[in-house]
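Structures for review follow.
Next come two complexes, and both contain chain A; in the first it sits with chain B, in the second with chain C.
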Partner chain A sequence: MTFLHWAILFPFLFAFMVPFLYKTFRKIHTGWFVLPLPICLFIFFLQFLPGVKYKEGIVQTVKWIPSLGIDFAVYVDGLSLLFALLITGIGSLVVLYSIYYLSKEKEQLNAFYVYLLMFMGAMLGVVLTDNTIVLYTFWEITSFSSFLLIGYWHYRERSRYGALKSMLITVFGGLSMLGGFILLYIMTGTFSIRETIAQSSSIADNGLFIPALILLLLGAFTKSAQFPFYIWLPDAMEAPTPVSAYLHSATMVKAGIYLVARFTPVFAGSAEWFWIVSLFGIFTLFWGSFHAVKQTDLKAMLAFSTVSQLGMIMSLLGVGSAALLFDHFEFYSVAILAAIFHLINHATFKGSLFMVAGIVDHETGTRDIRKLGGLMSLMPITFTIGLIGAFSMAGLPPFNGFLSKEMFFTGMIRVLNMDVFQTETWGFLLPVLAWIGSIFTFIYSMIFVFKTFAGKLQLENLPKKPHEAPIGMLIPPIVLASLVVIFGFFPNLLAYSLIEPAMKSVMPSLLKDGEHFHIHISHWHGFTAEFWMTVGVVILGIFLYLTASKWKRVYDLQPKRMTLNQLYDHSLKTAGKTSNRLTSFYMTGFIRDYLVYIFAFMIMAVGATMIIKQSISFAADDAAPVGIYELILSIVMIAGSITAVLARSRLTAIIALSSVGYSLALFFVLFRAPDLALTQLVIETVSTALFLLAFYFLPELQKKDKTRRFRLVNFIISAGVGGIVTLLAISASSERTGKTIAEYFLETSYSLGGGYNVVNVILVDFRGFDTLFEITVLAIAALAVYSMIRLRTGGKDVEENGFKNE
Partner chain B sequence: MEIVTSIVAGILFMTATYLMLSKSLLRIIIGTGLLSHGAHLLILTMGGLKRGTVPLLDEHAASYVDPLPQALILTAIVISFGVTAFFLVLAYRSYQELGTDDMDQLRGNDQK
Partner chain C sequence: MKKTGLKTNDLILQTITKIVLFIVIIFSFHLFFAGHNAPGGGFIGGLITSGAIVLLLIAFDVKTVKAILPINYVKVAAFGLLIAILSGIGSFLFGVPFLSHTHGHVHIPVLGDTHLATAVIFDLGVYFVVVGVTMTIIQTIGETE
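On to the complex of A and B.
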C-alpha cells in the first residue's frame, strides 16, 4: 500500500470518524473537521503535476484478488490527475460552502458528511485506478452515495423519487459497463486498462468489439446524463445545493466523460465510436439547452444546462477520436483539446453558478425566477459572481467559456474537412446543432442572471427578506469566479501543466517518446468562421431573449404526455404492477396451495431423479416372508387410514387414527423392535387422550371439501406422493449397495457403551446429543403449549392488534 | 414382506397428504399423525425386516436386526408426539380466538 492508495481510502476511513465527531462536538459545525481532508488531498495531488508532464505515468499495484487478475492498481497520468484535482479542489470549496449552507441545528450533518466523503473516496477511486473491476466497484459506490445524497431530505416525496430514479438509471448503466469490461477481458485477457490499450489494435476485428463498445457507452451515457438517459439529472436537483454543485455538475456526472476519454485509445478509429459519441453528444447539447430555456426554477435550469454542456464535451471527444486516423492529427485533435479545456472551464463556471443559485435560494427562500428579480442592489457580490459565471457559460469574451466555445466551433467545423466515416452524409449536423445549441445556451445564461438580479424587486413574493450572504458562503464561488477570469485572460497557464498531459493520456499513440502536443490558446484568430458564428449566437440570442414571451408557444410544442419522464414513470408503474400480479398469482395466502407446490415439487424432483438415474428396481428374492399376522395388520392399517379420510364425524376419524397407531405398535413387535413397540403404545395412548380432549373444543368436521375439482387435485397430489414413497421404499429395499453400519454398533455396543440393549446404547451413548435435543424439542413444545393455554390477551387487545379485521 | 409394508407406507403417505390438503384444521392434524406413522414404517422397511433376532446382545444369536433404524424411529416417535400436542393446542387456541377452523378463512390478508 502506497500513499496513493491511502489517498483514495482516507475519505472512507475519515467517514467512520464523522459520527463520533458530530456527537462529541455538537457546538462546532462538523464541516470544519471535514474541510482539511480535501484540502490536504488537493495539495498532495498537486505535487504530481511536474511528474505527469514529462514521464509516462505512475503505477502502484496492490494485489487484491490475484487469482482473477484483479489488482488494486493506482495509475496517475495527466487525465486522472486532472480529475483528481477537480474532485479534491471543488470538494474543498463545496465543503466550505456547505458549512454555511446547512444549519448545524436543523440538519443531520453526520449523515451528510459521511455520504459526501464516501463519494469523494469513490470518485477518486474511479479516476485513479487502472483495473476495470476496481473502477466498476468505485463507480457503483458513487451511484450509491449520489442516491443517498439526493434523498438526503428523505421526508420529501420528490427527493425520494429523484433518488430512486438516479439510482435505477445509473446502476443500469453501471451493470452494462461491467458487461463491457468483461467482454474486453474476454478479448484481451486482462482487466488492466493500460494493457487493454496496448492490445487495442488486435481487438478491432473481434466480433465482441462492437458489443463491448455499446455496453461501455451505456455506462458512460447514463452517468453523464446523455440523451435519452438525462432524465435523472433534473430530478437529482432535489439534493442540497452543495451536492448539486459537486456531484451533479462538477464531478460525478463527468465520470462518463472520463470513461469515454480513458477508453478512447481502445475504441477510437472505429466509425461506430465516432458517430455514436459525437451524435449523441451533439444532440444532448441541443436538447438540454432547448429545455433549459423553458425552466422557471434556477436549479432545474442549471441541471439542463449541465446536461447540454456534458453533451458538448462528449461530442468533442467523439469528433476528436477521428484524429487518430490522420497524419496531420493536430488539425483534428483540437477537439480533444477543447473537450479537456471545457471540462475545466465548466467545473469553474457551473460550480460558481450553482453556488449562486444556492445563495439566492438560501437568502430569499425561493428559486423561482417568476418571483425573483432586482436582487442586484441587495446582493452585489453574488450578482457579480453570477454575471461572470453566466457570461462565461454563454461564451462571451473575455471569460474562459468563450475560449473553449470558440474551440468547440473549430472542432465541429473541421469535421467537414474529414473524408472518413462518410462524414459527408451527416457530418454537417455537428456544426449546425452546435450553433443552434449555443444560441439557446446564450439565452438561458441571460435568463439566469438577469431574471434573478435585474428587473423589478418583488419583495412581497419572497418568503424571506433578502440580504447578502455571509462571507464564508461567498468565498467558494468567488474563488471559482476568479478562476473563470484568470483562465479567461491567461489560458496558457493550463496549457502544458494540465491540458497537454491529459491529451497525451487520451491519445497516447499519436506521439513518440518525448514529443508533446503543441498547444497555444489565443483570444483572437481573425475574422474566421468561428468568429462569425459567435457573432451570430450573440445577435440572435439577444433578439430571442428580448422577445422571449413571443416564443413561449414554440418552447411548449412538445406535448407533456410524450416526454421521456412519462415513459419512465409509466414503465416503472407497469413493472411494479406486473410483478405484483405475478407474485399474487402464486402467493395466494392459502396454506393448501403452498402444500400443493411443495408436494408437487417433491413428486417431480424425486420421480425425475429416479428415472434419470434408472434406480427403479423391483426384486423380491431377498425379502422376508409374509406371515398371516402381518397381512392382517396391513389390512387394518390401510382400512384405518382410509376411514380417517372418509370419516364424517370427529370421533370416528380419531379412533381410525389410533387404530393405525396401535397396529404400527404390533408391527414393531413382529419386526423385532420391542422398545419401539413399548414407546409407540404409550405415546399412542397419550395422543389419543389428547385428541379426545381437544376435539371437545373443536368444531364438527365440515361435510365436504369444496368442489369436485378441489378434491380431484388433492387426490392426484396425494396419490402421487403415495406412489413415489412406495416406489422409493421398494427400490431402496430391493437394491442394497454398500455395507450397513449396523455391524459397528452391534460389535461395540458392549465394549464401548457397556449395554446389551443396542438400541438403548445408541440413543443414550452413540447418539446422545440427538436425544438431548429431542428432549429440548419436547421441552419447547411443552412451554409453548403451556403458554398458549395460560397466557391470553383479552378479546379487546386482539381487536386492537388487528387480528379481527376481515 | 418389504413390498407389503412399502405399499402400506405409501397408502399412509397418500391418505396423510390428502388430509393435509383439506381445509379443516382437525383433518390436517390427523393427517400429520398418519404421516408420522407412515414415515416410521418407511424407515423400518428400508432397514430390512426380520433379518435376525431382537438387538439384545445377551440373546447370543447369530444375527440381529439393524438397530439403527429403531433408534431413529424412537426419537421420531417422541418428536412427533410433541408436534401433535403443539398442533392440537394451537388449533384449540386459534379456534377460540378466531372462531373458525377453516383454513380458507385463516389465510393472511394482505389487501387491507
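On to the complex of A and C.
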C-alpha cells in the first residue's frame, strides 16, 4: 500500500469519523472538519504535475484477488491526474460552499458529509485505477452515493423520484459496462487497462469487439447523461445545490467522458466508435441546449445545459478518435485538445453558475426565472460571477469558454476534410448541429443571467427579502470565476502542464518517447470559418433571445405525452405490474407450495444428472460391518420418522423428530466425529426449543379435509426425495475415484492452519470465505425474522418496540 | 416464552438452572478456546451459549430474562459480523490477501508459552454471530403475543 492507495481510501476512512465529529461538536459546522481533507489531497495530487509530463505514468499495485487477476492498481497519468485535481479541487470549494449553504441546526450534516466523502473516494478510485473490475466497483459506489445525495431531502417526493431514476439508469449502464469489461477480458485475458491498450491492435477483428464497444458506451452514456439516457440528470437537481455543482456537473457526470477518453486507445480507429460517440454526442448537445431554453427553473436550465455540454465533449472525443488513422494527426487531434480544454473550462464556469443559482435560491427562496429579476443592484458580486460564468458558457471572448468553443468548431469543421468512415455521408451533420446547438447555448446563457439579475425586481413574488450572500458562500464561486478569467487570458498556462499530458494518455500510440503534442491556444486566428460561425451564433442568438416570446410555440412543439420521461414512467409502471402478476402466480404464500417447488426441482436436477452421467452404482465391497449399536440406532430413527409422519398432534411429531436428530448425533459418536456429534446435539436442542415456540402459533393439524390429489403429490414428492437421497448416498460411497481431499487436510491442518482440530481449521481458515458468507446469511436471516415479526403489527408498533427502544 | 394459563411449578427447574447455567456457559467458553486443537470452536461455542440462554428462557420467562440480560441480540450478530470482516481486512495490513491467517507461539506472563492463531479472532466473530442470530430468532418469536 502506497500513499496513493491511501489517498483514495482516506475519504472513506474519514467518512467513518464524521458521525462522531458531528455528535461531539454540535456547535461547529461539520463541514469545517471535512474541508481540510480535499484541500490536502489537492495539494498531494499537485505534486504529480511534473511527473506526468513523461509518457509513462506512475503505477503502484497492491494485490487484491490475485487468483482472478484483480489488483488494486493505481495509475497516475495526465488524464487521471486531471480528473483527480478536478475532484479534489472542486471538492474543496464545494465543501466550503456547503458550510454556508446547509444550516447546521436543521440539516442532517453527518449523513450529508458521509455520502459526499464516500463519493469523493469512489470518484478518485474510478479515475485512478488501472483495473477494470476495481473501476467498476468504484463506479457503482459513485452511482450509489449519488442516489443517496439526490434523495438527501428524502421527505420530498420529487427527491425520492429523482434518486430512484438516477439509480436505475446509471446502474443499468454500470452493469452493461461490467459486461463490456468482461468481454474485453475474454479477448485479452487481462483486467488491466494498460495491458488491454497494449493489445488493442490484436482485438479489433475479434467478434466480441463490437459488443464490448457498445456495452462500454452504454455505461459511459448513462453516466454522462447522453441522449436518450439524460432524463435522470434534470431530476437529479432535487439534490442540495452543492451536490448538483459537484456531482452532477463537475465530476460524476464526467466519469462517462473519462471512460470514453480512457478507452479511446482501445477502440479508436473503428468506424462504429467514431460514429456512435460523435453522433450521440452532437445530438445530445443540440437536444440539451434546445430543452434548456424552455426551462423556467434556474437549476433545471443548468441541468440541461450540463447535458448539452457533456454531449459536446463526447462528440469531440468521437471526432478526435479518427486522428489515430492519419499521419498528420496534429490536424485532427485538435478535437481531443478541445475536449480536454473544455472539460476544464466547463468545470470552472458551470461550477460557478451552479453556486450562483444556489445563492439566488438561498437568498430569495425561489429559482423560478418568472419570479426573479432585478437582483443586479442587490447582489452585485453574485451578478458579476454569474455574468462571467454565463458569458463563458455562451462562448464569448475573452473568457475560457470562447477559446474551447472556437476549438470545438475547428474540430467539427475538420471532419469535412476526413476521407475515412464515409464522412461525406453524414459528416456534415456534425458542424451543422454544433452550430445550431451553440445558438441555443447562447440563448439560455443570456436567459440565465439577464432574467435573474436584470429587468424588474418583483419583491412581492419572492419568499425572502434578497440581499448579498455571506462571504464564505461567495468565495468558492469567486475562485472559479477568476479561473474562468485567468484561463481565458492565459490559456497556455494549462497547455503543457495539464492538457498535453492528458492528450498523451488519450492517444498514447501517436507519440514516440520524448515527443510532445504541439499546443498553442490563441484568441485570434484571422477571419476563418470558426470566426464567422461565432459571429453568426452571437447575432442569431441575440435576435432569438430578444424575440423569445414569439418562438414559444416552436419550443412547445414536442407534445408532453411523447417525451422520454413519459416512456420511463410508463415502462417502470408496466414493469412493476407485470412482475407483480408473474410473481403472485407462483408465490402463493403457502410454505407447503414452496417446498413442493424446491423438492421437485431437486428430484429432477439430481435425478437427471445421475441418469445422464450414469453414476448410479451399488458396491458394498468396502462397507464397514453393521454392528449392534448401528442396528438399534437405525431402528430408533426409522421408528421416529414414521411416528413423525403419522402423529396426530404436532407435539408428538416434534418429539419424534427430535428423537431422530439425537439418534443421528449418536451415530456421529459411534463413527468418532465428536465435532459433528456436539454440533448436532446442540442444534437439535435449540431447534426443538424453536419448534416448540413456533408450534404455539400454528393451527391444529387437520388431516381430514385433504384431497386425494394433494396426498398423491405429497406422496410422490416424499418418495422421490427419499429415493434420490438414498441413491445419492449409496452411489457416492461406492464410486470413489482417486484420493479424497481428507488426506490433504489431515496433513496440512497443523502446518498451515496451526490447529489439530481439522474441522475447525477448515471452517475458520481453509474455507474461511465460506464461513464468512454463511454467517452473513445467518445474520440476514435473523434480521428478516426480526423485521417480519415486528413489522407485522404495522409501522407504529415498530417505532415503539423496535430499534428505538433498545 | 409465552406464559400459559396454567400455574406450573418450576421450582426444581429454576433452581437447577441457576447453577447449571454458569457451568454451561463456562463449558461453552472452554469449547470456544479449545476449538482449534480439540472438538469445539466458535460455532459450537456460540450454540451452547445460546442453549444456556434458552434454558434460562424455559425456566423463567422472556421478561425476566430480558431484565437479567438486557442485550440487543441484533447488535450482537452485527458486532460478530464486523469482527469477522475486520479480521479478514486485517490481513491487508500485512500485505497478504483477504482472510489470510497466521499462527505462532507467544509468551504470555501467567500462562507461559502459548500457541495462538489469528483465526481465533475470526472464530470469535462466528461465535457472536451464532449467539446473536439464534437468540434474535428465538426471542422475537417468543415475544410475540
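Just so it is clear, the second predicted complex is superposed on the first by the 585 of 806 C-alpha atoms of A that agree within 3 Å, B and C clash if a C-alpha of one lies under 4 Å from a C-alpha of the other, contacts with A are read in each partner's own complex, and residues count from 1 in each chain.
Everything below uses one rule, namely that contacts are C-beta pairs under 8 Å (C-beta built on N, C-alpha and C of every residue); 3 or more make two chains touch, one makes a residue touch a chain.
Just so you know, these numbers come straight off a predicted model, no measurement behind them.
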Touched chain A residues, chain B compared with chain C: B
Touched partner set for A:Gly207, first chain B, second chain C, both or neither: neither
Contacts of A:Pro463 with chain B and chain C, given as first, second, both or neither: neither
Partner chain in contact with A:Thr685 - chain B first, chain C second, else both or neither: second
Contacts of A:Gly526 with chain B and chain C, given as first, second, both or neither: neither
Chain B versus chain C as contact partner of A:Asn757, first or second or both or neither: both
Which superposed partner A:Leu783 touches (first chain B, second chain C, both, neither): second
First, second, both or neither for A:Thr771, with chain B first and chain C second: both
Touching partner for A:Pro66 - first (chain B), second (chain C), both, neither: second
Partner chain in contact with A:Asp675 - chain B first, chain C second, else both or neither: both
Chain C-contacting residues of chain A that also contact chain B: 674-675, 679, 683, 686, 690, 694, 697, 756-757, 759, 763, 771, 778, 781-782, 785, 789, 806
Contact footprint of chain A on chain C as seen in their complex: 1-2, 31, 35-44, 47-48, 50-51, 54, 57-58, 72-74, 77-78, 80-81, 84-85, 88, 92, 95, 97-99, 101-104, 115, 117, 119-120, 122-123, 125-126, 129-130, 132-134, 136-138, 140-142, 144
Of chain A, residues touching chain B in the complex: 588-592, 595-596, 599, 620, 623-627, 630-631, 634, 637-638, 641-642, 644-645, 650, 653-654, 657, 660-661, 664, 667-668, 670-676, 679-680, 683, 686-687, 690-691, 694-695, 697-699, 701-702, 705-706, 714-715, 717-719, 721-723, 725-730, 732-734, 736, 740-742, 745-746, 749-750, 756-759, 762-763, 767, 770-771, 774, 777-778, 781-782, 784-785, 788-789, 792, 798, 803-806
Contact set on chain B toward chain A in their complex: 1-27, 30, 33-34, 37-38, 40-42, 44-58, 64-68, 70-71, 73-75, 77-79, 81-86, 88-93, 95-98, 101-110, 112
Touching residues (chain side chain A, partner chain C) in the complex: 1, 62-66, 674-675, 678-679, 682-683, 685-686, 689-690, 693-694, 696-697, 753-757, 759-761, 763-765, 768-769, 771-772, 775-776, 778-779, 781-783, 785-786, 789-790, 806
